[in-house]
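These notes open a run of structures that come right after.
Two complexes, one shared chain (chain A), two partners (chain B, chain C).
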Partner chain A sequence: MTTTAPYRPRPRAGRDGFAHLLHAEWTKFRTVRGWVTTMVIAALVTVLLGLLAAAGSHASCSEGPVEVACPAVPVGPGGEAVEDQFYFAHRSLTGNGDITARLTSMTGIITYPPPDHDKIVPGLVPWAKAGVIVKDGTRQGSAYAAMMVTGSHGVRMQHNFTEDTAGRPGGVSAASPRWLRLTRSGDTLTGYESADGTRWTKVGTAHLAGLPATVQIGLFVASPGDLTVKRADLGGSIEQMRFTQATAVFDNVGLRGDVPGGAWSRDAVGVTGTTDWERYHRPNGVLESGGTFTVTGAGDLAPRMDGQTVERTLTGALTGLILVIVVAVMFVTGEYRRGMIRTTLLAGPRRGRTLAAKALVIGAVTFVAALAATTVTVTAGKRILRSNGNYILPVSPLTELRVVVGVAALFGVAAVLALALGAVFRRGVAAIVTAVVVIVVPSILATVSVLPEGAARWLLRLTPAAGFAIQQSVPEYPQVTGHYVPQAGYYPLAPWAGLAVLCAYAALALVLAVVLLRRRDA
Partner chain B sequence: MQATIDVNGLRKRFGPTVALDGMSFSVKPGQVTGFVGPNGAGKSTTMRVILGLDAVEEGSALIGGRPYRSLRHPLRHVGALLDAAALQPSRSARNHLLWLAHSQGLTAGRVDEVIEQAGLRQAARRKAGGFSLGMRQRLGIAAALLGDPPVIILDEPFNGLDPDGIVWMRELLAELAGQGRAVLVSSHLMSELQDVAGHVVVVGRGRVIADTGVAELLATVSGDRVTLRTTARQEAARVLEHAGAVVTAGADGRDALTVSGLTAEGVVTLLSRNTVPFSEVAAHRATLEEAYMELTRDAVEFRAAAGREAAR
Partner chain C sequence: MRQQLHAEWTKLRTVTGTGRLLLGTVMLTLAVSAAAAAAVSCPPAGCDYDPAEISLFGVQLGQAVVAILAVLTISGEYGTGMIRTTLAAMPVRTTVLAAKAVVLTGLTLAAGTLAVLASVLAGRLILPGNGFTPAHGRPLLSLADGPMLRAAAGSVLYLVLIALLSLGIAAAVRDSAVAVGSVLGLLYLFPVVILMVSDQDWQRLLWRISPMNAGLAIQATTHLSSLPLSPWAGLGVLAVWAAAALLGGGLLLRLRDA
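Moving on to the complex of A and B:
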């Protein structure tokens, strides 16, 4: 005969009932070895596939047939990798002052453009730049602010590589010249433009933190490479950058402030001048005659887009995510399969709270496992990529943290979405297939370039796969001509906006699951 | 909280099928209430409604005056065993009880107590998927007792139990009722509840046919009978009929008589006093099963008549 303590009422628990439900769901999760194992495998797969891909990625630099150490990539004041190549005619300015110049002509050449790629033609690329600039010396990557006319984006004021403010549209000609002025006052640079040199319009203001008293002030010309993208046979694309050069004619050049007398300094900042065109036809440089300056240059002042990104180490995430989806779905459909959902609802009859506890537990467990995986993968993956000669575009620690934590959050939210689908369908296979089709498949379709770019972008806006935007570490810059497509790692939505789309889907599915759970007999 | 269950006018359909058709009864503390009826009579559905799992179109089911869904830490108020197979097969018995305990703010210590009580100590760390039905029933009972609840609801707890298990279950039910708990136990076999239930609610086709104490129920069935074996049947019949008994030929042989209206002791006294030889006197008590058969037979006939009435 067994013995039972006589029934006595127990004191009410002090802790909130929801905390108990969370504790119960956590106990449920950790006591099924298959789920714990699969979650660990998901993390390992993410790490191993990522590191494997990093280990297989090699890069080297060569001069002719000789392999050399890759040149150091300049870094801008914001910490990002930059292109800082242009032709610079400059003087020293100490303290406050300004420069004014009239731009009467801007021409250039583009080497071997489509369709036949057989001629060097006259023309300007859209972001060819000519104008006045104040720069913290001629070191590549130093701070600057510039007023310029561009190939086809009108007047702009730009500073420190990433910042860009639009002025009046249109180009220049002898009949329609453009006056540019840049005023320095302490750290503050203000840009103006004018059609006649008397009526000035302010374009923008830049604050260059820590600008020294003495700066270089003068005229500059740059012309970025001409980008063409060809569709490859297997649906991919081939990108080609070809040399271009621009020439600008300035007159009415005026300097005010503490500028020592003497000749203008001339510098080909970062420009090697090694193309045949530069060597045999037209070298970069300045021709000065009677107050007219003809400046020829190539290169660009802009963020550098060429290099590996930290998120490239996370290529194993998709595979890991599929395993996470399986566990998250089984976490709820396993209960339906055995009828155990009734036991769960007996223990927590307020169904919304019970499902919320379940979602929170699977989301948190997944987040922690994924965070461990992404931290290890990014840290070790970067080291491997670098040791293989790859250049990784530097990003701020905060951005890297956003990638590492954000991808872990993406896993967690995707797990919640999968769980909610499991609760809606109540059948494992249907829910797993649906979750994979809405989260993983769009991401694959959009990034392996089987779809036209427009369709790929829409997939990454409208489906839960939008959440993958959280891993994009280098933003898309409108002032840099680039092939910004999903397959190159550029998402149509901003990182947090993309994650928000995924969160919205998860919330929606969870609400639907709660409504159905409340309405249905268990 | 009062240890009671009040079921009032439940109506529910599954498509065209009427599952519950005005089900009403009450369960009081301190006794085992048998919930008896053929398969499909609505027993399990009623229990699910009481436990807030199924919704009804009409009526209410309250535990201690409150609907189940409004209970905080419900397993401390109500312990239930619905389906012993409802387990994650790869989770151990102890871990199954552990998550339930955590959901109610109970500790692992309480889990070990109910494991002991259910006789599962040896099997507690094994995967529940490998359990026999009997073991699963014990695990289900352990889960029901976890919160030390004043109300206990068990759906067919005798299913799959071996004879030892049946004895254990009966003793446990009696003990739980003895502690002042309200115990509702369903079964499709009235005989399982013999000697355990103090009250029975007999149901058929979604409604209550009888809601009565076991003593009263037995009294309503044809009274006790005595089976008598004698070589002097005619003489014995004469003596006993003279004393007011009704004597009929027994069903099992030429020398058997069935006597009603007299106790076994009365028959022995009369026959001995009149020197009528006999070889065996056996008292035959009416069983719950017989009472149940009689009741349901009446119910079926009543329903058939009502059906004809309605069809007219």
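Moving on to the complex of A and C:
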């Protein structure tokens, strides 16, 4: 008996290939006019809202009633905008050397604090600073390293505005003075602290690239403004900085190295204008008597957080995102509605691959459209903001690229997530609402509603809206008192970690969609 | 009208999604309100949070589910072709839309009341643990309190108006996915645009015409004078939106082929 194998047509090469599937899905997308139009509208809306917001945002500086050009903002060695304002009693040091000083008292005042805002009270803000410093001249933004005692964060070694190393905690008093020492060797600076001036503990080292042979070495005092935050009537918040001042008493000041003789130079670095308190009660400056230096100062050496950010122009992207979600969901649910899905699955019977092709096409199309939109929005938006007198906090080109490309990627991944939800629900409405509720709504609730800050942070950690962290261009600095909340553009997760959360959700939804698509009848 | 109402009620009652969506409205509203109440904390020195707004916070998400229900009430029929049967059986089209609106209002009223009452109860139980105590000048949430009663009853009305707005838009747009996208866009994007414009006058103007911002003014019990609109006027803005949407939807329903 002979058996005959049943006739099977030999598969034609390339017929079932992935490229073929991609081509099929791309053709489907391209030929539905509504989807293409909506995608273009999504990009246009993002650009238009961004540019409108930029055009409506004006800033100016004035001295009294007269409008003047805004003073240039100093830029630190790392390229970031900085606050560089303090009182500096200094000598010049050529070559290697060190400075030692004993800090016996640190006091200060805070003007008009809450709750009543009606008194000037004695006290130190948490990041009031007093100590020894080595700085590349008195120009604002120049490199420095400093050993300091702070208002309530203990001893710190800080350098070049953004770097901060913690030493021993605790404050300073006549009973428990603090000894500080800063040693220069080439471009390496090492900070030490001691309770008695004999046993020294190393706090940290700093490498200041390109430090010249002659530097300014001496004593400094700074006291940043006191921050109060009030809820604004229409959502968001109003931040207010109030003047503070710190006074520190140093003795046992010792300098070693090539320091020419003569008096100490005194400079109020970066100070513009004076407050009534300084005019009538206590000016900033140095009082020297018998080896004791009483230094009074205000200001801060820290990254500057006051200004617009590049991503501010991208807030309108949320509008575009809703449109993208609608298109991405309909890209799959439309097939169920019209019965096209049966043809699609007949042509590409390996359902997982077919869905992957769909996801790739919608993700790529969205990414390209969004990239065009974000590039135009950020480039043109920055120009408009600047021409309206706004100061934009400078960021490196790489960071800006991350913002522009990252937001486009956020769109692409969100489209994939929406598509997967569409395949899971098979019903447009349910999928669109779910996608909007998990991606867009948490971000809106966290940034523009009455939701408490703690809840807002959790929303931006746990939901797919975490992906919006990718647009944060200026990081949070623990050594600067600030209002670091989602409303002000500070996300609880690092940029790439946030995007990873969104990607994880998209991958999970896609896997679920593939499993369901294979198991269910179409 | 009685027959139309009966027909619409039968349709909505026998469609599988309705019960689940109504339950979803109640659960989502309650869950989000409770989470917001649990997350907020008020130090003894006082805080700026409005306990009514916090305890009714879930309405901001619950409205999305209400919108689905409302959109499906009419778009679902377009999706399946049922609309042709409906219009053949009841040729006076505006009456059909009116009947749908009445049935939808009844269902949303019931689910909304349940959701709001549960949220207020959750707020009353949770908020005192987070510093909202009578000792700090923050009395317990109570519906016997005039502003709180207005906030709670107004939130139920808010949900009803959202349902009517969604129904009107869905009648005009017909496709369910596009309709729900438009509703959510209209609701959630005004707040973002308001944040984006820095001009105060524009902000207040946009706030006044925004269906969600103005409508939710009904929940405010503190800082009333700083709001651009009084609570009831705010709900009135949303009512105007809903009326306009229903009118537009009804007109298009009459003029177009189904």
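Definition applied: the second predicted complex is superposed on the first by the 500 of 522 C-alpha atoms of A that agree within 3 Å, B and C clash if a C-alpha of one lies under 4 Å from a C-alpha of the other, contacts with A are read in each partner's own complex, and residues count from 1 in each chain.
Just so we're on the same page, a contact is a pair of C-beta atoms (placed from the backbone, for glycine too) under 8 Å apart; a residue touches a chain by one contact, two chains touch by 3 or more.
For clarity, every value in this text was computed on a predicted model and none was experimentally measured.
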**Message:** Under the stated touch criterion, which partner chain does A:Gly348 make contact with: chain B (first), chain C (second), both, or neither?
**Reply:** first
**Request:** Would you check which partner chain A:Gly428 touches, where first means chain B only, second means chain C only, and both and neither mean what they say?
**Result:** second
**Asked** Between chain B (first) and chain C (second), which, if any, makes contact with A:Glu335: first, second, both or neither?
**Response** first
**Message:** On the A-aligned overlay, A:His20 touches which partner chain: chain B = first, chain C = second, or both, or neither?
**Reply:** first
**Request:** Look at A:Pro397 in the shared chain and tell me whether it touches chain B only, chain C only, both, or neither; answer first, second, both or neither.
**Result:** neither
**Request:** Could you say whether A:Lys28 touches chain B, chain C, both of them, or neither, answering first, second, both or neither?
**Result:** first
**Asked** Looking at chain A, which of its residues have contacts with both chain B and chain C?
**Response** none
**Message:** Residue numbers of chain C touching chain A in their complex, please.
**Reply:** 35-36, 39-41, 45-46, 48-50, 53-54, 57, 60-61, 64-65, 67-68, 71-72, 75, 79, 175-181, 184-185, 188-189, 191-199, 202-204, 207, 213, 223, 226-228
**Fill in**
Listed in rising order, chain A residues that touch chain B in their complex are 1-10, 12-13, 15, 17, 20-21, 23-28, 31-34, 334-335, 338-340, 342-343, 345-350, 521-522
**Request:** Show which residues of chain B lie in contact with chain A when the two form their complex.
**Result:** 1, 3, 48, 51-55, 68-69, 71-76, 78, 80, 82-83, 85-92, 95-96, 98-100, 102-105, 113, 116-119, 143, 145, 148-150, 168, 171-172, 175-176, 179-181
**Asked** In their shared complex, at which residues does chain A touch chain C?
**Response** 49, 52-53, 56-58, 115, 230-231, 233-236, 315-316, 318-319, 322-323, 325-326, 329-330, 333, 337, 427-433, 436-437, 440-441, 444-445, 447-452, 454-455, 458
